[in-house]
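In what comes next, subunit A is part of two complexes: it sits with subunit B in the first one and with subunit C in the second one.
Coming up: the complex of A and B.
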């Protein structure tokens, strides 16, 4: 394997498990991973290439599913449980460390690695100081050659003005988007819809790779589930 | 199917004798896999491209080149195989090859092209570059040897043909401004990498002189005696932080004139020109795929069909179109 370079597409789900996620929201959060497994089982071209990892965060952040081939029979899916506050900073720092070590390991194993994709789901404001989460996000996205394509998703009490800062890249031909639950929507349902968006992005990106692309492809606005809206970084200045 | 067994990657091997001891036939087919074949190898359901009914999934050749006394000078095998991802997503094979001997019998000209995936009509660019390009090159070699050949003019002429064909295609498709588009805009609809090899069929001290010119990441290798894979161009993407898919491709003409790379290939060795569908898994030629291809290509496979089966080996996550043209010199008695 030392010289051959299979191409991999790392996907990370970074999900808020602060106490406000208790109940149906947590239930839907736990349903995301099995849904991704089902989608990959029907997409063999993609499933040979996707690596999936899960980080959850409350007062601290933890790797709940190390980046892996989800269809590998040795993988068991974690059960997410709620804990504590909402530290964006802890999530960003752990994510950066994970990306750095995962990509390093994959390359050492002889793989070519596409730019990682991150779906970040939160239902509230960060409880860290603003300079703290901003600093941690800057470390994740600036002067970091393997910075991820970062897609923030907000449900319930999430603040669009704060989440909009997390769209990365914010501009340019490969700009990402933010997904928000529309007012009046059931937040647990919104999490299920965001899972659908994550899965269709994964499928579209796999097809894009087959067509010579290398980036994360997000669904067109008209293809979004109703109850979710897409925003670019300019929507909230 | 009673008595048949399903192998780990889905090929069905039928134990003939058990099935019917009086059956007067034999043979079996099992596809090649290197390491883990991946899920795609057994689970992909190949579907046609609704816009490409006359575009073949796989093409192949196996021929010998003879001298004036009907003695073999060399063996040639070639295959272009649609990738698993194109089979799964219902798009045509975008790779193509061409080869022909010059009319004076002196040179073998090989062209291998890899249509750029993002262009809907890139297989047409690949067809022109590989087949028409080889025809043009073989004709031009009647008046000039490969040492003094005007490569830049030739590459430009191929590019012009692709550009012209692209505009015509777009006009046929009802694109109003096809004539007014820049070459770059045409290239978004059809573009291809290409590599040409010119082999002198008259050996010097047993070795055949080879000139190679390329645009983009199609590669040429010599499989040396002892199983060492020697690349004739820089191996792509080395040292890159993350994988990038950008490539040089016609009809965009490279800014600098192409410079031929020269080598020689002797009996016991093989010249292999290949697209990145097979070049990527080959890597530096020192891994499992390099070992596999050394084992099966140290001598010419019996037929084009067998060669195509080698080219189409399965290996997890390598699902691009694959094309290879291989040349084995035959030792003179």
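Coming up: the complex of A and C.
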């Protein structure tokens, strides 16, 4: 039956594991996945709606949790560890390849697919050349029909002016936002707060998407945890 | 001031926050007691701009006009708004019955954290093995039929009293299995009286939309049909299923045709809650007859040990 064809939202966490993430920040980063699983365990029918995957990046990027139903009994959560520099370019290229193959796979399995959603968390500047990461981001977001809704999140030494370039779409009715740690906030706590935003966004999107509906829902500004601020791309021109 | 409305000062100091949604916050109201309401109360405080207009008083008053027997049944089947709460002439919130503890599950979440979880009916659509892994109950086929039976009687009670549920969805009904399996409808301030506008805008939850645009008792029946379908065929993508053939092998007798009628595009054809109730009674007593295969499934559903006690009319485990 046509109406039985379920529609899934691929949801990716792309997270910085460069050496600056050592310590409490890494600990909080590792707490994100179990928190997402617990949230899904409270709303288990969202497994009929959402698939979740994790990519980490340092000098290179790796798929740490291939896109999956997080409540499946065969899923085991990876432990993130720090490694090397901060290559945004490696993260964007791997993410593009993953999205392309994951969406193809889901469609081959008979599903409809919503536009993928990406939460990108970093604590510093990219260490690759500017034309390199910009080029890789353009490949991910331009002339790529299944470009993701991209939500950059910055903590600690992340540069808002650089991250603001990653908000995608940057304008229009479906414009995304950037989340930043406010000054004076503990960066590890900020990662936990961003995880809360990711989870509430995933729940809200999963609960609101019906057949034909689309898109990633971000929380209202007044519902954000204190210590995190939301910005549009115009805030940092 | 009429009996269905009380002043905010009469609610007294509020207790702890129990929950928060886009529209309201829900607090314990330990100092509020009402002679006509069993057990403790909660106060649902609407957020600024979210207070419903005048229809709420009618929903509250409808309950107070019921005879005691009907009101007791309503209070068992729903967390009904029992008083509208006003301040400076404006509706600020509503007092409701606190959902009894039997509708909560003490569990351990996958991360190892302990939690007390409201048993929303969405959990009934999940593969039972998965539910067990997530620390939630994994009801048997018979328990599922008992839940459907009780839900049908709750819907019938509301419909018989000219009420429309509207937004029947997997999160605004909760269930219990202990004692007698039961369903309780929550968030009832979104209900409306037949023939009147809704108190708050009635919406369709995703995957629960009926074919027609307007919500009525007929759309309640369509959604109840989806509930039966999804509750009796738990597993992957049950929560979005609409194909009645998923339960052809599970529903004995006339069940498959009742379900097809419930999901009909013609609102006038839909199986009523009362018809569902009688059907589930027949399934549970093993008295549905039609076709060899149906009888076999009926046997499968009734052999795990429930019968209706002739005197108390309660479902009793067979020992």
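In the analysis below, the second predicted complex is superposed on the first by the 229 of 237 C-alpha atoms of A that agree within 3 Å, B and C clash if a C-alpha of one lies under 4 Å from a C-alpha of the other, contacts with A are read in each partner's own complex, and residues count from 1 in each chain.
One rule holds for everything that comes next: contacts are C-beta pairs under 8 Å (C-beta built on N, C-alpha and C of every residue); 3 or more make two chains touch, one makes a residue touch a chain.
Remember, predicted model here, so these are calculated numbers, not experimental data.
Legend: residue contacts after superposition of the two complexes on their common chain; A:34 is shown touching subunit C, with no touch to subunit B. In the superposition on chain A, A:146 makes contact with subunit B only, not with subunit C. In the superposition on chain A, A:113 makes contact with subunit B only, while subunit C stays out of contact range.
Of the two partner chains, subunit B and subunit C are each touched by A:6.
Of the two partner chains placed by the overlay, only subunit C lies in contact with A:73; subunit B stays clear of it. By the touch criterion stated above, A:44 is placed in contact with subunit B and with subunit C alike. With both structures placed on the common chain, the touch criterion links A:138 to neither subunit B nor subunit C.
Within subunit A, the residues touched by subunit B in the first complex and by subunit C in the second are 1, 3-4, 6, 44-45, 47-49, 71, 207, 209-211, 213. Across the complex, subunit A is touched by residues 109-111, 113, 115, 117, 122-123, 125-126, 129-131, 133-136, 170, 205-207, 209, 236-243 of subunit C. Only residues 1, 3-4, 6, 34-35, 37-38, 41-45, 47-49, 71, 73, 207-211, 213 of subunit A touch subunit C when the two sit together in their complex. Those residues of subunit B that touch subunit A in the complex are listed here as 35, 38-40, 42-44, 83-86, 88-89, 91, 116-118, 237, 241-245, 280-290, 315-319. Interface residues of subunit A facing subunit B in the complex, by the touch rule stated above, are 1-8, 44-45, 47-49, 71, 103, 110, 112-115, 145-146, 207, 209-214.
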